[in-house]
């Protein structure tokens, strides 16, 4: 076996990474209301309780709405930016792309309070819309990063070949570019959706009275008797994330295969 | 074409950031905003030791988290890049990134469960008899914050390092060995310098967001583990003193920028000094 | 009337002058090559004809029509890209039929066209293959079929063979030439491989630094290069400083160590007269005289300085008695001929009239 010592380290590291997530279902199926060992008995009661909480349903609905909108808008913006970055030269390209990517490294609290200040000043009421605006801001860099890979690996002579064979700019986009970057678009949509579903700070500051799922969760964390239900909810969320991400990864790999390249792995 | 996302970034990022800078020079008088420009907030931030303390602590925590995260992440990135079969690399990267995409709140909360007085760790250790009273130094203090943040930002550190390691032409290493380097010295003289861009990216990408983290200090930090983001939130939402919060946010931003720039410059000089 | 005519074409990339006052005419049905070292502007010129680059000055007409306002997708040209640009998400047949999307043909007619095109390039039956599962040579054929199916007036090829290995390249060279004769379409080929250009072309334009240095048939280019640079670029050439004198109506070359040789008037260009000059002579215009062989023309004694054995040929560097620098000459290897080693004394014979005259260095 290669990399003996390192491999052991890697496995321990993975355990560290997965420890919290693996504990989720343990407590979600544990009948005790106290989140600690030793475990009591097995129960599905907490899962059964989930649909009976109206506030939870509302929050889920709000989050879904926000996440879908965010995914669509930020992927659209991401397509524009990635395409422009891959194909065109324009003045201040570095600065412009830098600004678009900046939210990736800006502390979220700063994004959140900055937006809060502006929205309050211009009198935009806090709610789902303001959260979407904030989420698009932080999701776009991720979309650009994913789509960059897809657009940059497109050989420009493919487009020229289509033009050469009589197609217009738009039909080339539709017939050649879009099919080739489609897997990237799908994984961009899914990842923006996932980030938005999970984002807390911005939603906390900007959601007003329309609590998103994480904001709702945050409120629940203060009530010890609600915790097992939170664990059940968390289990489902983790499951959903893993499914979505697996789809995104499969889409990405298929894209790599379709463009006939070597897989160099990984998101971002 | 780039104008749409650019306009968006200007409107929703540049403008708000400019606004918050301006805000920080205003002041709050009870329910009204006083829009005359003043340094009052900054003076207050400098005068009241609580702010200085929070800022210093945030900086310290971020630095410690960054060092720990990057140092522990490097071997993983190295392992995946150099010891995992090419066909399995993306699977490993996928494995490493999954935890990052699951609810941040719940992950942080679970660390509280793990590290707590009756938590998983303590009951586990008690159970196998390693300790005979629960450890208390692991929750509601800096240690807990550091562990939790290091966990949360692990993929952010692994990915850029992995990418830069992947870019290294393997024949360079063979050339180094061929020229008489040992494996260790080839690592130090070839691999590490070439991985530097990834390490720098990892440091920045971990350092910058951690300084503004809100959830972790609130959930696992206890009173001694609070950070500047908690104070900004308090100023904005609890004390209703947005200008003071804005001033703190600006100070935090400046601090981040200064430290990040200093780091990048130092590193550049370091690399130049070697070549 | 020429099919393609360029006059006074200039192209700048920023301040870089990529094409300088290019004027040339390409006839219908011709196999025309643009030959030159890397970076000389061959691709730029080809892409200008295709419509992917817009010249800053000058006029391009194809079939008598000014192309200035005709975009790439409306020009009667099609292109085979250096990377082949095979659409990776389509099958071979979909790739080849791509350009037919806008035609009025029925589905069945399109399928027939595609089949015929594939047949033509020797890929009959490959239609259903995924495009990314093809070898280099096959991709090249798909690219050819795809470009030819539209029956363009001009087929533009940008180094189409450079990605192939030597054997495959040689095979495709003759296939391409045959195909061109068969379809009768004008081919404009970009290459930096002089051998390839000589083998395939009817005429060749040699380019250096954005300018056309010489435009001629392969034989003319080889036998009568109009400058040292062209002479050196195409094939191998000895360059020897000397003098040219007039002897009655005849021009005589005077070469140190060799003496006086007549110059064929045909090889002199206008304005070349008596004075210092540089003589060019091809290695195959000189031969070593082996025992028992009769020297023809003029001969001189010398010493072998170095030799390179190629199997079919041996290249010798010979320092002539009284000469200053060695000259290279090539000998066909026959069973009856020995291969000389460095240091051997030998005798060198010159084919009369093989001197090409260039300006003095």
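Order of writing sets the chain letters: A, B and C. Residues in each chain are counted from 1.
Keep this in mind: a contact is a pair of C-beta atoms (placed from the backbone, for glycine too) under 8 Å apart; a residue touches a chain by one contact, two chains touch by 3 or more.
Please read these numbers as outputs of a predicted model, since none were measured by experiment.
Among the chains, the centre nearest to the mean of all shown protein C-alpha atoms is found for A. Here the chain pair with the top count of touching C-beta pairs is A-B. A straight line joining the Cα centres of chain A and chain C is 55 Å long. Mean C-alpha positions place chain B and chain C at a centre distance of 60 Å. Inter-chain centre distance (chain A to chain B, centres taken as mean C-alpha positions): 19 Å. By the touch rule above, chain A contacts chain B in their complex via residues 2-3, 6-7, 9-10, 13-14, 16-21, 23-24, 27, 34-38, 76-78, 80-81, 83-85, 88, 90, 96-97, 99-100, 102-111, 113-118, 120-121, 133-134, 136-137, 140, 144, 191, 194, 198, 200-201, 204-205, 214, 217-218, 221, 230, 234, 237-238, 241-242, 245, 249, 253, 263-268.
Contact residues of chain A toward chain C in the complex are 155, 157-158, 160-168, 175-176, 179-180, 258-260. Those residues of chain B that touch chain A in the shared complex are 1-2, 4-6, 8-10, 12-17, 19-20, 23, 72, 75-76, 78-80, 82-84, 89-90, 93-99, 101-107, 109-111, 113-114, 116, 118-120, 123-124, 127, 151, 154, 159, 162-163, 166, 204-205, 208-209, 211-215, 219, 229, 232-233, 236-237, 242, 245-246, 249, 252-253, 256.
Contact residues on chain C toward chain A in their complex (touch as defined above): 50, 52, 71-74, 77-79, 81-83, 85, 87-89, 98-99, 101-102, 131-132, 146-147, 150.
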